[in-house]
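Per-chain residue numbering starts at 1, and chain names A, B, C, D, E, F, G and H are given in the order in which the chains are listed.
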Amino acid sequence: MQIATYLLQNHTIMTLQEIIQPANKVYGKTPLLTDTPMHYCPGCSHGVVHKLIAEVIEEMGIQDITIGIAPVGCAVFAYNYIDIDWQEAAHGRAPALATAVNRLLPESCVFTYQGDGDLAAIGTAETIHACNRGENIAIFFINNGIYGMTGGQMAPTTIEGMVTSTSPEGRDVMLEGYPLKISNLLTILDGTCYVTRQAVHTPATVIRAKKAIRKAFENTLAKKGTSVVEFVSTCNSGWKMTPHQANQWMAEHMFKVYPLGDLKDQ
Amino acid sequence: MQIATYLLQNHTIMTLQEIIQPANKVYGKTPLLTDTPMHYCPGCSHGVVHKLIAEVIEEMGIQDITIGIAPVGCAVFAYNYIDIDWQEAAHGRAPALATAVNRLLPESCVFTYQGDGDLAAIGTAETIHACNRGENIAIFFINNGIYGMTGGQMAPTTIEGMVTSTSPEGRDVMLEGYPLKISNLLTILDGTCYVTRQAVHTPATVIRAKKAIRKAFENTLAKKGTSVVEFVSTCNSGWKMTPHQANQWMAEHMFKVYPLGDLKDQ
Amino acid sequence: MARNKGAVVVNIERCKGCHLCEEACPSDVLEMNQQTNAMGYHYAYMANAEACTGCVSCAYVCPDACITVYRVKS
Amino acid sequence: MARNKGAVVVNIERCKGCHLCEEACPSDVLEMNQQTNAMGYHYAYMANAEACTGCVSCAYVCPDACITVYRVKS
Amino acid sequence: MEEVKLMKGNEAIAEAAIRCGCDGYFGYPITPQSEVLETLMALEPWNKTGMVVLQAESETASINMVYGGAACGKRVMTSSSSPGISLMQEGLSYIAGAELPCVVVNVTRGGPGLGTIQPSQSDYFQTVKGGGHGDYKLITLAPASVQEMSDHLCLAFDLAFKYRNPVMVLSDGLIGQMMEKVQLPDYQPRLTNEEIREKYPWATLGKNGRAKQNIITSLELVSEEMEKVNNRLQQKYREVEANEVRYETFLCDDADYLLVAFGSSARICQKSVELLREEGIKVGLFRPITLYPYPVAQIHEYAKQVKGMLSVEMNAGQMVEDVRLAVNGLVPVEFYGRYGGMIPTPEEIVKAVKEKLII
Amino acid sequence: MEEVKLMKGNEAIAEAAIRCGCDGYFGYPITPQSEVLETLMALEPWNKTGMVVLQAESETASINMVYGGAACGKRVMTSSSSPGISLMQEGLSYIAGAELPCVVVNVTRGGPGLGTIQPSQSDYFQTVKGGGHGDYKLITLAPASVQEMSDHLCLAFDLAFKYRNPVMVLSDGLIGQMMEKVQLPDYQPRLTNEEIREKYPWATLGKNGRAKQNIITSLELVSEEMEKVNNRLQQKYREVEANEVRYETFLCDDADYLLVAFGSSARICQKSVELLREEGIKVGLFRPITLYPYPVAQIHEYAKQVKGMLSVEMNAGQMVEDVRLAVNGLVPVEFYGRYGGMIPTPEEIVKAVKEKLII
Amino acid sequence: MKRVPMFGTSSIRPLKINYSRMKEEIIIAGFGGQGVLSMGKILAYSGLMQGKEVSWMPSYGPEQRGGTANVTVILSDEKISSPILQEYDTAIILNQPSLDKFEPRIKKGGTLLYDGHGFVREPQRTDINIYRIDALETSIALNMAKTFNMFILGGLLKIRPIVEIDNVLLGLKKSLPERHHHLLAQNETALRKGMEILIPIHVL
Amino acid sequence: MKRVPMFGTSSIRPLKINYSRMKEEIIIAGFGGQGVLSMGKILAYSGLMQGKEVSWMPSYGPEQRGGTANVTVILSDEKISSPILQEYDTAIILNQPSLDKFEPRIKKGGTLLYDGHGFVREPQRTDINIYRIDALETSIALNMAKTFNMFILGGLLKIRPIVEIDNVLLGLKKSLPERHHHLLAQNETALRKGMEILIPIHVL
């Protein structure tokens, strides 16, 4: 392993070698995450969420029955990174595809992975109706308050005053409308069994987020209805910040509008 | 007036003639309602709501600045009945048209008139986003729990167990989803200023409904945001009942799912 | 015979015989005529005219705006 | 010198030098290397290896799943 | 084969779907085809064959449900009428791009816009030239009777899976709403998931032990690769053109003039041919059954024999372009059409032949 | 006229829109045209001319906002790229049916499906044959430079209002993304509501004293009446065909062979013509500027002069059908294309001319 | 409405039908709810039983409840081209608006059959055969209102015996859901009764 | 990485350019954030100032932050056909992946100019002119890191004087927002400095 060289620089060789032993391994990339490097910008939240989904699928041993529906958005290539069967949907329509898969393959475990433009703008109707029908699917919703893929335009979830390439002076709610708390809408639909808002910017939130993903998959297998996990996320590139700045900005500004926690769990 | 003949049948002429004098007139068709007979089935709620909207426009004296957006649904010909300027939208898209009119003619008074299929199925996204942007428009939403125009198919708002031509055994919420309480969703959007649920099956509800319509128009003129007036309605034809039976059935079954009253008024 | 306080005039050609005015009338004034209009509907008429109070209930619920109501101020 | 309880191995070729592991590490173990990998990124490395407790914080937040963590059970 | 029944075209679609092993129908009501969904709901095939029937929230959702179902290797379909089909154009382009098999039925009405609900053939261009974006083709069948509504639906599924391509059944309100006698196909069992795995190794049914993941996508950002994808599609279309042309002729052998018409208008033209023959005018009827692939070579052959052709359509002149392309200038190709929901009478067509071709 | 600037095609669209008195833009981001909306948002025309700019929730909403705005007699527009344009097909059909003027810009990318974001001309069929349902036509302009992006946008509005018809500006990612020099038009004031009332008496601005209500609709349930509506549309299209054909020729006068190409591919063909002329091969370039109305008569004229034509397109062969229809068999019409985001080089085209036409 | 004198029915003879190449184009029109569509369906099924080509084409659209409805039925020995027609051999008319609309569209020499109830004006044409049938009145009188349209069908078959009664009964069986098969006998009675109550108004 | 010996710059002469029918097809490629696009824009504007036809065509798409970016700039006396090219007269290369991608696409006899920083392998071709410029190093050393790409441009103009310096400065002014115009002088310095630090690696 070529990496070892760097580890040795400031260290006694013996000590590190002692530690870096298979028996001592406590965490590493799940094999369900493919070796293809992810195309995301450095520090992008998508990567963390991908990793967590892969880990949960792996841990639950459901890779053989899980079918992912990829969005149009930065996560369009999600299928290259998690080693399960995938369908790439048209922009916003992932819940429609997932509906059909759920109906036609009731024994499978279907999830959609969608951005805020995909889920909360063009896909609003498909999202609401899949949830309202209570499709047995999990919806993973990456809310980074921006259209990452197309170069940082305003999303329905962009918060007040936030600068994007289509709100260069900051979102003016009087002109462009209010940040859409779509998860709150989904909460009051009878078809959803679990709606939660998570983040992945700190070790603690990552651990909680993973639990939420697991619960969503468990609900799906238990045919409890639709589970929605919103990840309040960053798009450091679109926000024009460093990844760390973006995390801080998110915690400071986004969480006010999108407070973390379970909105519904039944 | 040829009508008079019938009035005379069981009556002394003098008495009735005394009463039927212009000075004694307390209620009659507003001239804003055109002479074209409405194409609706006998007893259809659409007629009542049309009449009320026409009366309010007339009373507020805003016929010169009011622009109606007609849906695709039984009310597609609404433009033939209320003597104002109208645009006939594509199915579900009335709020998009209204948005543009509102933006381009800010001094006008724009309303949409939509059925439950139009507003809550195909037009879900347009409805939610117009409300979320807080467009200064009034949305009149005729929720008869069915697709009237196309021959009585299930709508998103069809209540559990209700028989329609596409739910011949009654709506099975496990298969077809839950009745969608879309007004409740619209209530939690920041852009709506007024969301109310009304009916027009009794004189008392008619009077209340008219007040709601007036408030919606007043809000629009005051640029307070989006006002939504839902009318829990009947489609006696689609429901395969007499108009009166339909009213009774509505009061007994629909109001449980769609209780009347203001959901939001700010 | 009691003196009328109210009366209604039904626009026969608009009326679709839906019975809703009949159901709404608190004084049982209205019924559907045996005859039909050009559209083939049995239109409403004051079968019991002297009972009319001019309360407007019938006209409020009429979907086709057929009813004009008159009332003598007393 | 204190005995290490943990260590991490960074997959250099996956690493994008985002600094998030560095920020997440409670023990200030990680830094970005002066060198860049084939993608042109300054990859993370243990600049302060002896401080590593094997707490996995860095690996949890790493978006590119670059970090393998080892810990000696004590 | 079942006994002969009297049935609406729309009902025949529904019955045939169940019988030919359809796994799922996703659709949204619209006149004049709502009976497809209504009949399916009444027949409750989920109790019989396990077929799924779902009323979607829109046509946009319907076609994307079809995408999802087709991606699982399932026999899935939708139906709609003109405005609803317009809403499906993005989805159809995706399905074609991802090379998924599915069936879409258009019971056409008169446009443009909300138009009328009466029959029309004015979606010909949309269907065969490409209503959606990009270079793709829908294999298109044009039934002219209720019997063919049933027959073509089953054929459509076979072609869809043979070529991994969406197939359009282009009918209209006339055939959808009329009752005629029809002999329905025998029941054909739905494929099990195991059979699908076997026959359609590309289907996303879950990896289930498969070594490589299956991915259904129409995305390819590298132009060179996207060109290859398109090459593959074009290759397939050439195959379809070589193998799947279907047409019917009526009294063409000795014809001096040819009527060319599809679907409903072909029914009517048949009568016109009889009327003209009674007058001693040697007219034949050429009826393309597949609108794509179009019977280019066959029409070209007739162009060497006849003195002129008249394309008769219930639109303002659409297929006539394909006739002209096939004829390539050999003889005059004229057009006669009614539109907006109007249906030409046999007599009108007789008159048009005399005025436009014979003079 | 303003001084010459360096600008992206997409930016030129935005700048030109403001200057030619556009009242409203409604659009949704999509590569490779997002700069149109971005530029407008940066320029803040609402402060300058009062123009409204709104980011819609989808392309479906965008085109229906355009419908609503156009119905008020306002100069409104949207822009998108292929998949987004597919989503607009129902709306476009409605707009055409209701006879509303508006401008839609398609900065085409390679399809089908999600495809690629690189330039392509594969939406030709969709645009000129009818992506939506019913018999309608979009007047279509095909700019070949950033300058023309600006020029055509203004022309598009004029044509739209002249004929009460939607106009499509069909460009592609190459012209949208490239910077070139451009001279923007002078500012033209937006019409006031009073002026609109005067010029467009059909506009729904509110009755405001007008005796009769205005109704904008595409609905007509009575077939006879719907046929009349269509007759009126067809009549209009004949007028457009008679008056609005635009094209450009390059070294055609003495040509033995003709390249026919539009937009981006025409730029490239010009170079090929030069290369071929250097070799002494007399080739000319015919460039349709309006794709609908198509320069049928003009191409037919050249068919009498040349030995063959080659249609060069960034697709799998679409416009070639219109060339063939125009030529009507007089000379061979061949096709050369690259697709999926690939752009032909002038040299490839030279080779194709030699192989396909001269042999 | 002018009353028409009651004639005995025995004098009514079938109109000439070209059986060698038979084709009958019929429109049935009335208010929605009068059973117009199902009458057409029985007729079509009868034709089917008789081995004919048949087509049944309803007027469709957002007709309001109680509004007019109509259906075109064609029975033919040959393949049927269009099921939608501008002209008809025979028209069965059950209300005034339908009379207004369809009387002018009956072919010269064709047949008009109408129920006597509820018309404001009589048929006007003199170049067609006109029959009246008081099916509504009679069916109500006989307490057989449900079989109203079988009376009419009986009347039709009296003058246009395009299908045999046996095939009508077979067709009826086909088009009726099984749970209604006990009504077949009553329907046959109505059919035969209908043949008796026909009133010729104007026969060419 | 092998260090290349430092030559004096005075020996560098411009490569031959056909000024009679001038056309220069240039690719500039590097990591996103290295100012690739704006360098291209300055060049294009310079061409515009010089009265040339110009085109500027970026690689576009969902390039990830820090990923590669490139722009094709064409300056020509004639109308430009395609702004997207498969081959280039001149390539300005700022990172390894771009070298890998574009080195093979330089026309025979063409020119490659690369910044010396951060390459794993040297250019290989022997049929093109290769120059190195340590613009990053120098600009940092001179505390002029912001004008990094003007150093490169200077280097380019030294060997391919396709536009006059004055026009570059005019073009720069055009492409810079007004609030940055006070930086013009520093940019000119960088431009001229860039001409000095060029290192010929392989000249035909």
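Everything that follows uses one rule, which is that contacts are C-beta pairs under 8 Å (C-beta built on N, C-alpha and C of every residue); 3 or more make two chains touch, one makes a residue touch a chain.
All figures in this text were calculated on a predicted structure; none of them were measured in a lab.
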Steps needed, at fewest, to go from chain B to chain H via touching chains: 2
Farthest chain (mean CA position) relative to chain D: G
Interface with the most contact pairs, given as the two chains involved: E-F
Length of the line joining the C-alpha centres of chain B and chain G, rounded to whole Å: 41
Inter-chain centre distance, chain F versus chain H - centres from mean C-alpha coordinates, in Å: 36
Intercentroid distance (Cα basis), chain H paired with chain E, Å: 56
Separation of chain B from chain C, taking each centre as the mean of its C-alpha atoms, in whole Å: 23
Chain H residues counted as touching two or more neighbouring chains: 61-62, 66-67
Where chain C touches two or more other chains, by residue: 16-17, 39, 41
Touching two or more other chains - residue numbers and ranges from chain B: 40-42, 76, 88, 90, 121-122, 124-125, 129, 149-150, 156, 176
Those chain pairs that satisfy the touch definition: A-B, A-D, A-E, A-F, A-H, B-C, B-E, B-F, B-G, C-G, D-H, E-F, E-G, F-H
Chain F-facing residues of chain E, complex: 60, 82-83, 85-87, 89-90, 93-98, 108, 110-118, 120, 122-123, 125-126, 129-136, 217-230, 233-234, 315-318, 321, 324-325, 327-330, 338-342
For the chain E and chain A complex, residues of the former touching the latter: 23-24, 26, 52, 54, 56-58, 60-62, 64-69, 71-72, 74, 76, 90-91, 94, 98, 193, 204-209, 213-219
Contacting residues of chain B [partner chain F, same complex]: 63-67, 69-70, 76-77, 79, 83-90, 93, 96-101, 103-105, 108-109, 125-126, 129
Contact footprint of chain A on chain F as seen in their complex: 28-31, 34, 37-38, 41-42, 44, 54-55, 57-60, 83, 113-114
Complex contacts: residues of chain A adjacent to chain F: 72, 76, 88, 90-92, 117, 121-122, 124, 147, 149-151, 153-154, 156, 165-169, 175-176
